[in-house]
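The same subunit A turns up in both complexes below, where it pairs with subunit B and then with subunit C.
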Partner chain A sequence: MRAPQFMMPSQFKFVLPLLAAIALLAASTAQAANAKLEQIIAPAPHSTADHSKFKELNREFKNGPEVTKACLTCHTEAAKQVQHTKHWTWESTDPKTGKVRGKKNIINNYCTSPVSNENDCMACHAGYGWKDDKFDFKAEQNVDCLICHDQTGTYRKLPGFAGHPVYKRVEFPHGSGKFVEAVNLKKVAQSIGMPTRSNCGSCHFFGAGGNGAKHGDLDSSLQHPGKYLDVHMDEKGLNFYCTTCHATSHHEVSGSRYDTAAAVKGPAHIRGKQDASPASCQSCHSNKPHHEAMLNQHTDKLACQTCHIPEYARNQIGTESSWDWSLATQMGPDGKPMAYKDSAGRRAFDSKKGKWEWDSYVMPEYRWYNGYSDYKVIGDKIDPSKTVHINEVGGSPNDPDSRIWPVKVHRGKQPYDKVNNYLTVQHTAGEDHTALWHNYDWQKAIAAGMKAAKLPYSGEFGFVDTAMTWPITHMVAPKGDALSCAQCHSKNGRLKDIEGVYMPARDSNRWLDLIGWTLVVLTLFGVLMHGVLRLYASKKKG
Partner chain B sequence: MNTANRIYLYNRYERFWHWSQALLVISMLITGFEVHGSFTLFGFEQAVNLHTLSAWTLLTLWAFTIFWQFTTGEWRQYIPTLKKVDAMVRYYAFGIFRHAPNPFQKTADKKHNPLQRLAYLALLSMLSPIIWGSGLLYLFYASWASLGVDGYLSLEAVALVHTAGAFLMLVFFIAHVYLTTTGHTPTAHIKTMITGWEEAD
Partner chain C sequence: MLKVVTGFLVGMAIAALLIYKLAAGMMFREVPSQFGMEETVARIQQNVLHAGNGWSLSGLRNAAKPIEMSGGNVLPVMMIEACSTNYSAPILKDDSLRFLSNLMPCKISVYKKSDGKTYIGLMNAELIGGLFGSKVGDIMAKVAADQAKFIQFDASQPAPAMIKNAPAASGGSGAAADGGC
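On to the complex of A and B.
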């Protein structure tokens, strides 16, 4: 049999090249469009300076402060700028009361307080050498430029070094048989660039000592996120860095949970305009971003996040939902310290720290929030008969600056002074004999912690229920995943406990409904009776 | 059929108006009570969309109908009268069971019996403003501030008034549908509303 021969009909002969040309044109147009998008949103700016060409950096460095000194030869104001920020001071002043808060002064619901534990905690301080209350906050060489600007991904700060990276190969964790190599400071210094997701994430993804533990809307999955996880940071799409929204000027990073722009009004902001809240959704999207007026009218009561972050911790990393310190120092069956993980490989118990619970794909709780949070600081009185709220988000339905926000509530149990009625500061980290994680002795740990905090300790401690509230704002979902109307507009919807707002389908007036339906039933009954009587009358006649 | 016994009561536009309005009112009652949370049928979002769409469609229909009422003079059909009202009440309360004749005979000039006139006028002048006033305020909730009314209104109050109106509308609807069966045969009135022709008794 002869093999069939394919002949191209003559009329198609130039159709094919034409099609090819069209395809090429289409492809190049698409490319052009992509290139344009990249130009607009490319988060890693092409710097005008290549730091590997600077002679100041072409040398060996013994330690971090030496690098900083080299940086400051050109960037003369940088350290002074950093020293005004929370990244350096770990302090924040309450705009209403003047109360001084910040990581240094509050007792959070996780590792509690850095006081007396600086050697470990300051692994996340943008500085070098903060190991006790004698740290010099004016010394410019103590500012750590590299933690935010390293582009090699090799610059790591470990607990136990007071904010220094490791200059010598070291076993970490102690006794684990695993080693961390010394950092090559020259290479790191020469790599300098604007902060990427990894830079910010090196601390903010791992808060509370575990991936995703603290925030719930920040974890290592945001280093290379897909569209599902974060519509803006999507690596193959808009590819935002943290700093795309948290626009920074003189090292002051915008956007903070201590003082949040909770109810931004008006149109999208324009370049060059003084921008009070660049990290807000509205600064790009305005407060009327939808095509449907019906959706826009929700912005006077709802934060964007409420609909557009339907769940947080949308991955297997998850986030911690509670930390029970009262079980710390409990030993294993053999009388020795023990630790175990949950089925997803997340820390579940450790004799050093107590018991944890984790959750993934978490539905937020909802609160009225005006951007203002009242924090308990070290020494604030508590009522141990009730749950102690580490912070209370401000706001009410009648406050025009309040919106309904999604929040993560982290619960737990913490030690407190039973006589003085305040949360205690405990010395947890360290190798000395008073450190809880070394000697498993609460009494000694609290006594040492309270001494460092300069607070009287009665000698009697107990455990109290605590809770901390975190407004959720990251992991914004693609619009198709936003909440649908009925998820709130129904009897048992997500906002069923939110007061002060009338929501169709959730709310009704009991009396009006009772009277209304009674009237309807009576009318039906009346016409039915009338009809039956008519039928009866006509039968009788017939 | 003796054509002398038939009168042409409702012309084509009138019938179109009646039936499309009926459809829209039914649609708004169903979707409205779903938005109110009484049941789930279309889902809240669809219910809101259908309710809003029906509202605008009905308003458009009314714009045409008001024009039609005045150009044809048909608006006079709604001038209230108390004449024979008592006779109508007696008829519906007693006479209808004894096969007494209907005291009112429809003509092209007087399509509605005196009770009907009163009912329609009440619907038009009392219930309608309540429903449309509260409904439009509900719909334009986002513009309250720019209209300067946000200080005087609450969504809850507006929603309650609107719901009360809806209950009254439902009551009217039930009574209206029942009364269509009171012609010389149970379907006579409905036939008239479809064909336009009224068969005399």
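On to the complex of A and C.
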């Protein structure tokens, strides 16, 4: 039996091969485009230099500064560049007032201040040996190259070592029975590469002494994130590293909460053109990224993050929502220090530090924000009868550079000088007799902290409510999970407290409503009267 | 006569409409929790463990997880699975009632809603049990009484730890002998 044959008119015989060719071309173009995209966004898998082949690195190192010296034999300008960055100085200058801010100068409502606690806090400094105010900020060998460039995942800096990794096996935490092995500096030095999410995360995921505690949109789940958690960092998808957006030049990392690009306008970034705000969404997406014009109209008032980060801390790691220092030094029923965790295993109370509250899958609060934040620095006066805002985000509905941003607000209760009316610096970490976590004596701890901060202390302290505001910008959800219209356009929607904009369905005008309803009633009355009259007329005829 | 029939039919229609509108709300309950997600789960788990009457935990499932794995987001939903062999055994022994194993183990869901608050979702075991005759109705009335105790919290007690590795936590009920129904 012969198979049936399909006849095709001769004029169409070229159609099938043509379609096949188009399909092949489209597929190969798409493949090439994808490959190009991966090339742009994925970090280079292999450097052009194999650092294990460098004789400068092929030896044993006694300490971190020795490694840095070896790095600088080739990378001659690297340390100088780092020394101009916030990662090194822990300072930032307020562009409006000239006030010097930065981690070194503000008192936050987490661990409060690194002043007098450098030995612990500098575990997150990109340097070696900052243990007091005598630290040499100009010594190039003090720059820690490895904390950002280690690719072995074995380089750890622990509190209590002034920014050094451990060179000998140590028990950590002290008395815990757990040990941290000495770092193999040779192996680490030979491994180095561009910073990965783990490098940045070693500090930024664990700020304030706990996973996810500080930021809310940064925690260890971003080391291997799924698409749901961050559509850009999705390990099986776009696989962005932090540096993909936080493009770096001369070791200066772009994008900072001290100077945020809150309202970037114009088209997407064009290769070769200087980009002032490479870490912004608009840098790639432009400020009119939607197909629907109605959605694009929103970008004049809303930050991208407002709709595209519906919740932050979207995992059970969660984030800290408050820290109450006033309960620190409170002992257990047996009179000894106590500590306990919450139901999810996160720190909840410690006699050393006070009480914490946590939340996960958190709905942000919303603020007008123009990228400027006014920070309180050490010695700034406060009004203890009100909540003290550690930072106040700038912006208003009438400011063309302001957008409505999602924020995390971290609430706290922390010590202040009752006579001088400023927040106090306290010496918390350490084994000396003035350290709060050693002797549980607030007076001694504050006196030592204030002395280190070179501020007078009256000897009288109290506790004041504080708040700190953190713009949310990571954990961008897939577009299908962005906020729906009704989540804002409703009486009790997400933006119910935002002033200065008229939002249909949230807002109403009494007169407009009155006129509208009057017209509706009059129309109904007219229809009714018309019906009655026609009924009457037909009965009269009949 | 026509008036009587019409009245009867209208009454039937109204009753049907009322049942249609109210039945869903009667079969399930939603209760706001004063605690966060994890603490609510942990406190319910503790209440189950201390409830007596043969109750044990048979699993803890995060219903949002599969959606996350497929790349989407929903607010968290934790399903606490609990079982009492005192109540399940008489039903499972009866061939005519074994199909009710579909309702086992007893599930209590704890979830967050868009208002940022935590809620507890429960099945109205008494009402549903009553639909299957007196034997099931009696058992389910006891289940309902115990369920009511599961969600009574003593805020003066410290937050217990959430039991993540309850028997069969990864796969739901049945994997572990002491936890499954």
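The rule is simple: the second predicted complex is superposed on the first by the 475 of 542 C-alpha atoms of A that agree within 3 Å, B and C clash if a C-alpha of one lies under 4 Å from a C-alpha of the other, contacts with A are read in each partner's own complex, and residues count from 1 in each chain.
Quick note on the criterion: a contact is a pair of C-beta atoms (placed from the backbone, for glycine too) under 8 Å apart; a residue touches a chain by one contact, two chains touch by 3 or more.
Computed from a prediction, not measured in an experiment: that's the story for all the values here.
Looking at the superposed arrangement, the partner reaching more residues of subunit A, out of subunit B and subunit C, is B.
Contacts of A:C74 after superposition on the shared chain: neither subunit B nor subunit C is touched. Contacts of A:C485 after superposition: subunit B is touched, whereas subunit C is not reached. In the superposition on chain A, contact of A:L533 is made with subunit B only, not with subunit C.
Interface of subunit B with subunit A (complex): residues 34-37, 40, 43-45, 48, 52, 92, 96-99, 141-142, 154-156, 159-160, 163-164, 166-168, 170-171, 174-175, 178, 181-182. Taken in their complex, subunit C has these residues touching subunit A: 36-39, 41-43, 67-73, 75-76, 112, 114-116, 158-162. Contact residues on subunit A toward subunit B in their complex (touch as defined above): 293-294, 296-297, 300, 484-486, 489-491, 501-502, 504-509, 512-513, 515-517, 519-520, 523-524, 527, 530-531, 533-534, 537-538, 541.
Across the interface of their complex, subunit C is touched by residues 226-229, 234, 310-311, 314, 316, 340-345, 348, 358-363, 477-478, 480-481, 487, 492 of subunit A.
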